[in-house]
Amino acid sequence: MHYNTLLIFRNGPFENNKNRDCLDIALACSAFDIPISLLFIGDAVLQLTRDLESQIIAQKNIANTLRALEMYDIDKIYVSAADLSRFNLDESSLIVSCNILEQADIALLIRRQDKVINL
Amino acid sequence: MMELLEYETLHIINKNPGNTQIYADCIQNLLEGDAVLLIEAAVYASCDKTMALYFPKYIPLYTLKADVDARGISQRMSDEYSSIDDDEFVKLCCLYRKSISWF
Amino acid sequence: MIFSLLIYASNNFTQTEQTALRFTRSALRQGHSVHRVFFYGESASSASSLRVTMRDETDVTEQWLTLAAAEQLDMVVCIAAAVRRGVIDKQEAKRHKKDTANLLAGFTLSGLGQLADAIIHSDRLVTFGN
Amino acid sequence: MHYNTLLIFRNGPFENNKNRDCLDIALACSAFDIPISLLFIGDAVLQLTRDLESQIIAQKNIANTLRALEMYDIDKIYVSAADLSRFNLDESSLIVSCNILEQADIALLIRRQDKVINL
Amino acid sequence: MIFSLLIYASNNFTQTEQTALRFTRSALRQGHSVHRVFFYGESASSASSLRVTMRDETDVTEQWLTLAAAEQLDMVVCIAAAVRRGVIDKQEAKRHKKDTANLLAGFTLSGLGQLADAIIHSDRLVTFGN
Amino acid sequence: MMELLEYETLHIINKNPGNTQIYADCIQNLLEGDAVLLIEAAVYASCDKTMALYFPKYIPLYTLKADVDARGISQRMSDEYSSIDDDEFVKLCCLYRKSISWF
């Protein structure tokens, strides 16, 4: 079987549970040695920014889990360049080190996968 | 002739600006005397300069402070918006004759 | 002023109930009265006694129950929405031949008439949904 | 208290339970003699068309409830003219008799209300 | 071919599970195998034994159970998603000190490892969500 | 150089065309060799002549027959789309190397 797996994050922080649920899938896949990549597009790029203060609205912050991804050897994290610039963000605004991709490369990243989960 | 009241409908939006249909539905139904309050994910609309242009100039625009602060965007909010706390949210609901939530 | 709240949100949107809770607290703090909080649609599942909140998360239902106890809040869950989602009191358990009930004490199951009543008897109806 | 109430329908048929839930509110309000109006905008105008076949996808059809509204003296049913024409529909395509409103009149309809429920 | 399904939809979107069910039936009818159906997120609530389906509605969960029994389908509900929504088996009831369990027989609670396993052991993973 | 395969990704959309962000996200990531299948509320997109123009010409477009029929729109579907039944849906999933669901 082929199982290079991509997890696509598309939702803004605190919007719903999808980013957290997707991140939990990432951790489980990693424990099973599935080669995974994480892609953040649209509002999900905001999930990676430093200045989220989840306690103000009594929501769970997944920043700690995101920061811990490296420990799980999850280092293929990709972010849409277009969406970063749409929100006036750059690499220095992000809490994890990411590969910033132009749209054409995002499409190629998706093509390379065997399985895609896109919550 | 319709009676002119000063404080009519408070429109509350809580979806991010990517939900274009919701914003269009709300904006189409704004009349003078109405106001718009952005809460939860909708506060991101306040960072978007072009978004403010879609709202008629005569409509007061508010954002909910807790949601702005939680998302760390208070510095990026357009001048058109006033940030209000929970108590002011309740006060707006009293001031305006009714509210409509768009979600 | 007399407020009533209509809550209509999936559990996947955890912020909605939290915003509604803060609104309710603020209204009460300012001396307004809250005639009823009506849980409809997916929000009915909040009233299940079998839910478990993770250690690192806020249990918004517990916060509702605390506030309701302190302020005599009337928290009504739409009965049709509830039974469809497996939230039942003893009477519904009996009616539908289920061997257990799981409605949290502090919530009441009732019909949409309680929402209609809230519309009639409140100055403002504010919806928190998703 | 003032309680002229408007229920706004915005969702397409079978999309979720919102139209059904909103219709149940209408029936309850009517039983309590609350003066109610129903407004169908956006994809919800499709909910009023004749040619829905819910059994094909094992979904509940609310057409019978819509047809029964008259019996409950619910006759203030408004539909967006713009959305009807967007889907190439007219009054003859609909299963209930409706007042077709231009956008400006929809805004005025909303203004006249004391309470609005908009699922 | 070996399929696995990931189901991730709120109960408010009743069509999603129905589409997934039709897909599964068709795959089996065509001689494919279905390694696992994994219920995640809001879909976990489908596995509650306390849910009641109205007379004029289709009980999609019952249809899943019938199909699963006939075809030895492995229907796994994410344990974290389930306990958060008040769907628990006997073991979880004990662990969380709840006096009753409500997981429908025919479903198994397990971790996301079962989804990872499905990714590894299936030719195709198809998601039905909302 | 990337290996050219004939049947790459099957993109499955189930939201109505009012969800513009979802369609944009999907369309931006279409490459030659991919296909699009509209199911559930997404079949309404097939009635929208302008919508078909957004999809690249080289992308095969499908609708799920049950959803088209349930919504009574088989007569209004644009020519660009082929309607397929559940068995053909499964066959497409076998034919294409993987699927992505957009919701």
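For clarity, chains are labelled A, B, C, D, E and F in written order, and residue numbers in each chain start from 1.
In this section, a residue touches a chain if its C-beta (ideal position, glycine included) is under 8 Å from a C-beta of that chain, and two chains touch if they have at least 3 such contacts.
Keep in mind the model is a prediction, meaning the values are calculated, not measured.
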item	value
Number of steps on the shortest touching-chain route linking subunit C and subunit D	1
Target subunit F, source subunit D, minimum contact steps	1
Set of chains adjacent to subunit A and to subunit E	C, F
Maximum centroid distance from subunit F, chain identifier (CA atoms)	C
Between the pairs E-F and A-C, the one where more C-beta pairs touch	E-F
Same or different contact residues where subunit E meets its copy subunit C, judged by the half mark	same
Furthest chain, CA centroid comparison against subunit B	E
Centre-of-Cα separation between subunit C and subunit B, whole angstrom	26
Where subunit D and subunit E are represented by their mean Cα positions, the distance between them in whole Å	34
Centre-of-Cα separation between subunit E and subunit C, whole angstrom	27
Touching two or more other chains - residue numbers and ranges from subunit D	14-15, 17-18, 42, 57, 59, 115, 118
Interface hub residues of subunit F, defined as touching at least two other chains	18, 21, 40, 66-67, 98-101, 103
Interface hub residues of subunit E, defined as touching at least two other chains	10-12, 15, 19, 41, 80, 123, 125, 127, 129-130
Pairwise touch network: line, ring, star, complete, or other	other
Interchain pairs in contact, sorted by label	A-B, A-C, A-E, A-F, B-C, B-D, B-F, C-D, C-E, D-E, D-F, E-F
Residues on subunit C engaged by subunit B in the complex (per definition of touch)	1, 3, 15-16, 19, 22-23, 25-27, 29-30, 32, 123-130
Residue ranges of subunit A in contact with subunit B within the complex	12-15, 42-43, 46, 49-54, 56-57, 59, 87-88
Touching residues on subunit C, where the partner in the complex is subunit D	2, 6, 8, 40-41, 80-81, 111-113, 115-117, 119-123, 125, 127, 129
Subunit A-touching residues of subunit B, taken from the complex the two chains share	16, 18, 40-41, 44, 47, 66-67, 69-73, 76
Subunit B residues touching subunit D - in the complex, by the definition given at the top	2, 8-9, 21, 25, 28-31, 97-103
